[in-house]
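Below you'll find the structure I mean.
Each chain gets a letter, A, B, C, D, E and F, in the order it is written, and its residues are counted from 1.
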Amino acid sequence: MMSFYEGVLILNRSFNRSFDQLRPIRFTEQYLSHPAGSVLAEAGATRVICAVSATESVPPWMKAQKVPGGWLTCEYSLLPSSTGERSKREINTGRPSGRTMEIQRLIGRSLRNCVDLEKLGEITLYADCDVIDADGGTRCDSITGASLALELAIRGKLGRAEAFRERIAAVSVGIVHGEVLLDLDYQEDSQADVDMNVVMTQSGKFVEIQGTSEGAPFERKRLDELLALAEHGIRQIFAAQQAVVDRVLSGGEETQA
Amino acid sequence: MMSFYEGVLILNRSFNRSFDQLRPIRFTEQYLSHPAGSVLAEAGATRVICAVSATESVPPWMKAQKVPGGWLTCEYSLLPSSTGERSKREINTGRPSGRTMEIQRLIGRSLRNCVDLEKLGEITLYADCDVIDADGGTRCDSITGASLALELAIRGKLGRAEAFRERIAAVSVGIVHGEVLLDLDYQEDSQADVDMNVVMTQSGKFVEIQGTSEGAPFERKRLDELLALAEHGIRQIFAAQQAVVDRVLSGGEETQA
Amino acid sequence: MMSFYEGVLILNRSFNRSFDQLRPIRFTEQYLSHPAGSVLAEAGATRVICAVSATESVPPWMKAQKVPGGWLTCEYSLLPSSTGERSKREINTGRPSGRTMEIQRLIGRSLRNCVDLEKLGEITLYADCDVIDADGGTRCDSITGASLALELAIRGKLGRAEAFRERIAAVSVGIVHGEVLLDLDYQEDSQADVDMNVVMTQSGKFVEIQGTSEGAPFERKRLDELLALAEHGIRQIFAAQQAVVDRVLSGGEETQA
Amino acid sequence: MMSFYEGVLILNRSFNRSFDQLRPIRFTEQYLSHPAGSVLAEAGATRVICAVSATESVPPWMKAQKVPGGWLTCEYSLLPSSTGERSKREINTGRPSGRTMEIQRLIGRSLRNCVDLEKLGEITLYADCDVIDADGGTRCDSITGASLALELAIRGKLGRAEAFRERIAAVSVGIVHGEVLLDLDYQEDSQADVDMNVVMTQSGKFVEIQGTSEGAPFERKRLDELLALAEHGIRQIFAAQQAVVDRVLSGGEETQA
Amino acid sequence: MMSFYEGVLILNRSFNRSFDQLRPIRFTEQYLSHPAGSVLAEAGATRVICAVSATESVPPWMKAQKVPGGWLTCEYSLLPSSTGERSKREINTGRPSGRTMEIQRLIGRSLRNCVDLEKLGEITLYADCDVIDADGGTRCDSITGASLALELAIRGKLGRAEAFRERIAAVSVGIVHGEVLLDLDYQEDSQADVDMNVVMTQSGKFVEIQGTSEGAPFERKRLDELLALAEHGIRQIFAAQQAVVDRVLSGGEETQA
Amino acid sequence: MMSFYEGVLILNRSFNRSFDQLRPIRFTEQYLSHPAGSVLAEAGATRVICAVSATESVPPWMKAQKVPGGWLTCEYSLLPSSTGERSKREINTGRPSGRTMEIQRLIGRSLRNCVDLEKLGEITLYADCDVIDADGGTRCDSITGASLALELAIRGKLGRAEAFRERIAAVSVGIVHGEVLLDLDYQEDSQADVDMNVVMTQSGKFVEIQGTSEGAPFERKRLDELLALAEHGIRQIFAAQQAVVDRVLSGGEETQA
């Protein structure tokens, strides 16, 4: 990817995007038969099956510490065939990789901002994010899709609307060859000097900010640019989520941003 | 499921089927972006993503024993949210369950009948079967879908048509409340006295037969009935596979039996 | 093994056997001091220690689902020094191999046909099959020996004769260089085109049939030949088991078929 | 901890600190006999042994991808007796916890900004951070101490000063009961609404920013306050590191900020 | 076990033994078909299959450090059904227990005194000790039996007599209810205040001494008594080993002490 | 290490010691903030953090067998950077090494002689021995330091002085190039023909004796010399322990032998 940045347009981003454009978003709700809520969340060529299931128990530490209410946790996985070069199935190494654990902890922590755990009652919600096609931004797409699946589950099948606080969404931003870019695909991500994931609530507050230099530490000024770009992108993602929620309440089936 | 068997029709099988009917079959080819071949194989409400990827190496034991040619292996997994009650992710126990290992060994062994390993060259083919919705018959649906993905990969992207021997397909048959049934769904399977999986080649030969009594040993006569019913079903599955292969060669996209 | 098959006799099978002869069978009962029942089961040069022990508990899933009665499970292992080339001890890889899991699931499933689990009471029976010498057919020899150890345990030390339903036995059959053979030894097994394990009850019904083509799918006609040969062999094994049971009731010590 | 925030001083922070004060810092260099560089890094009651060792090899993926130069990785661990309630030793669960993996990945990634991996030559540097007393901020104290141990190792025993780019340091900031605080101890951390770890280079650039809401998403304005406070604290840590480096070059032994 | 010690005879030891008598010893050589050497070693009701196999490789650390010659290692295991109450199979916990590791390290270390590793050539000898009946003293019986299997293997099938240095044997001694006893069975062992295992060479030197107080530290005087008793017992074991070696050289089959 | 032994002095032992001298001993008590008792135990260049913590529970087997009182167990670990060449962190192999398990079993078993478990009440004491610098004798230094930490914990913070029986201490002795030596450092240990660890009580009784020949079996006479030398050394260690106990009771801080 050689990019010639001239004010507005980078000619060769995927989907012919400018630096501040998202990839096409698409949500297919109730994608699976069994879980309380499920969504196939697509961001360009990245596709993640997000499913939320409820079990009638809480973790041992909650019982031990007598914490009232419920719990929410996340498990994330890449299908071996989701990546350019086939990834080894983690079960064959006997343990999740550090990357997997870092990502599922981030997703779980973020999603717990969406629910009032006390009002949930004594259940554990599992948010399963299984990536079937990976082209960059899988953790952000997982958060965005899982928030939607969670909302559909809690306000729908589980019938506990009062426990749902607020929707969240996430997007990646980065600095590639000196330019700030919104929603990096795999090619861009692999060349980025700075990579940042931002998770926000619909009311415009920050849930998580994770900015990482890949060998090129960055100045405060660039940080501000990245945060502004992320906010810009996330607002559009919220609109796409809203469209699904509106449609599902009135019986439709699928949306596209 | 109370079933009143009167000659031809069992009133309450899913999809209103008679004892000798398959569930609707549907194959969506090139379902994933990256692998050499991929198929979403659906049998009623059971859905499996079957993907075939190639890597440029062979297992250590082949090198040690100087076995010429390539290898083919299978990995099978249930998504946690694919089952009625959420299944625990196997990575959290550190090892695949006995059921998983038994199934993936069966699939791999069966698929190796489709290829001439020597003509394949020094590569390993991975057939990944990831179940996204489980409603009985997942191992048979995996074999049928993976054979198709394998054929599309070898005769397509991998360009080694000469190494492809023959297509295979599989179906389950069983005895439920005393009746022989074709293509059991989960409800039927959980009440079966005898459960049998049959894998055949397109030329009508047997690749695998696995018949198991669940506490009710069966006579030779019933075995013959089960085998006949399986052959009857498998012939229809071959027709559906053929339709996909025909269409892909002339550029279409999806078929339904 | 070059074999010249002329109607009746294959000159160079081990023990100078014809195609339809078993290897010598020998059972040594109460081979170990501690378990409720134990048998050293020998089929030619294959030797397996089969032991059945009872523990006063049932698996957690039975309690959770309130299933009444007891349980029976099997664990199978090869001693490292039981094979021609020493096998690695599985504990050093941290998990049982797929082969081990497949075999012990088969044995356990088969043996559960011998007992009325409800009448057993709230105990778990462990059938341990530890192969000390391996020369082919270890899973069949394990089933045959474990059925005997189980019968001696339940009708003997455990004093729950009413929970014993029926004896089972198993034998392997196969197609080697185009011929059907009964009770394959290791040399024959390693050259077989088709390998089939058949488990039957003393009353002549099928408990398990597992037929596998090793790269050479087989026709229905050959399947029928294999099944007939297996039935022929299993009848003789039942006679050998009967002799032990008869003798133990009247106080003898060892038998040979 | 009840805190009455009146402009400058919070009366009951540990060490009687105001909201913008660090805990006392203390570095004991060459704390261990064997590694190329080692430092006991203390921040208040938090104490971490940071050691940097070199081995003559690089990870397999570097060889496979022919990446020139060396590598740096980190391993982090809490001694069981380092925490208020004894922590279970991770070896007994067979795998590092998600928290451990997340932290050691953060430290390793941050430290790789300190070195020019290509100039390092074909070696792997291990930065071991073993916490012997934990009172909050262990990951930041580890980064600060390991950067120092790394500098002493590379510019000292390893004699590869040209591969050292720049020193880094880290500090935590957070929002507790509505107030922004610098360098949280365990008591403060366990009550924080927002927890942020900031890693910077001596030249004032950002290496990592990880901000997390613990159930209370935060506004952009608070983010700016937190970042300013972190920069303020990190500048003092750099001064303390500098004092050690200066002293070690002229032969002294220990410093205190 | 109530014991009335009156000078010479303790009435109720198993096999009606006095304090200084061994249990009956019995060795069955070439007990298994495949390994280079194998012995069923029986000491009273304790029975261990000891097998020695050779593989054409040495451990990686020997290659790395360029240590010339071969290696010898031991693996020890209890069959689940070898103990009074069935023992859990270690594979199900994923790792050998501490007891198992301690024992197999002891046996391996002891046996390495029997061979000149340099003269052995570049092979690894595996001494597998699998206990089929456990009634106390399994580690000593393993050492004694494995030394014999090793001698038969090296001086026999492996044809490297020049690499065999000297035979070893082991016995346990202990203090039970205040009395010193030779060759404790399980009942005695479980009540012992002091438990000691002694391994010696045929030339009368010590290879290992492991004495342990079980809550009752012992004086130097008792230690001397225990060592004398152990020497007394080991001399008899050497005689029994010698008888087997003599017989095998002249073609006999089995011996009993 | 070339050693010229002439009656009394070996010129080149570390710290210029004669054959019967200990390395300098130093104990720093209450080295950690949290555990009930902790000691940094130094023997020459070997340094071990010994910590004793109490938890309000007992192992499942004690409950199952209704054993009254409490329990004491030990966990031992080498910091990766404690050894000359960096050691791999055991968590990365998923299980403790055989060496680690053997050592922590020895330490735990020895320490249980110090306490009256019944008087302890229903708690489990964990003795954590974490080696930060290894120069030979780490298991003995761990025992000596942990006995002290245990005494300070039980007679101090835990307030159960009545459960403390007696102090223990340990030392290594060995035969190097034909000479008996007290308290071997790493250099000496790696060249030893015989290596023996001796654990004794303050009242002069033996708790454990573990003598191992490293390829050179030893005579009874040498054993007696080794035991005498060990007793001689241990008496001095008890004096050093006593000094700490005396000081801590009257409020001092640190001692040196």
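One rule holds for everything that comes next: contacts are C-beta pairs under 8 Å (C-beta built on N, C-alpha and C of every residue); 3 or more make two chains touch, one makes a residue touch a chain.
Just so we're clear, the structure is a prediction, and the values are computed from it rather than from any experiment.
Asker: What is the minimum number of touch steps required to go from chain B to chain E?
Answerer: The least step count works out to 2.
Asker: In this assembly, which chains make contact with chain B and also with chain D?
Answerer: A
Asker: Over half of the interface residue numbers used by both chain C and chain E, so same, or under half, so different?
Answerer: Same; most numbers are used by both chain C and chain E.
Asker: Farthest chain from chain C, comparing Cα centres?
Answerer: Relative to chain C, the chain whose C-alpha centre sits farthest away is D.
Asker: Would you kindly tell me how far, in whole Å, the mean C-alpha position of chain C lies from that of chain A?
Answerer: Here chain A and chain C have centroids separated by 52 Å.
Asker: How far is the middle of chain B from the middle of chain F, if each middle is the mean of its Cα atoms, in Å?
Answerer: From the centre of chain B to the centre of chain F is 60 Å.
Asker: Can you give the whole-Å distance between the Cα centres of chain E and chain F?
Answerer: Comparing mean C-alpha positions, chain F is 28 Å from chain E.
Asker: At least two other chains touched by the same residue of chain F: list those residues.
Answerer: Within chain F, residues 94-95 contact more than one other chain.
Asker: Treating touching as the only link between chains, describe the layout with one word: line, ring, star, complete or other.
Answerer: ring
Asker: State the ordered list of ring chains, commencing at chain E and continuing via chain F.
Answerer: The chains follow each other as E, F, D, A, B, C, starting at chain E and passing chain F next.
Asker: Which residues of chain D touch chain F once you look at their complex with the stated criterion?
Answerer: 32-35, 38, 45, 49, 51, 53, 55, 75, 77, 79-84, 86, 89-91, 94-96, 126, 128, 130, 132-133, 135
Asker: Mind pulling up the chain A residues that touch chain D in the complex?
Answerer: Within the complex, chain A touches chain D at residues 94-95, 98-99, 101-102, 104-105, 109, 112-113, 196, 200-201, 203-213, 215, 217-220, 223, 227.
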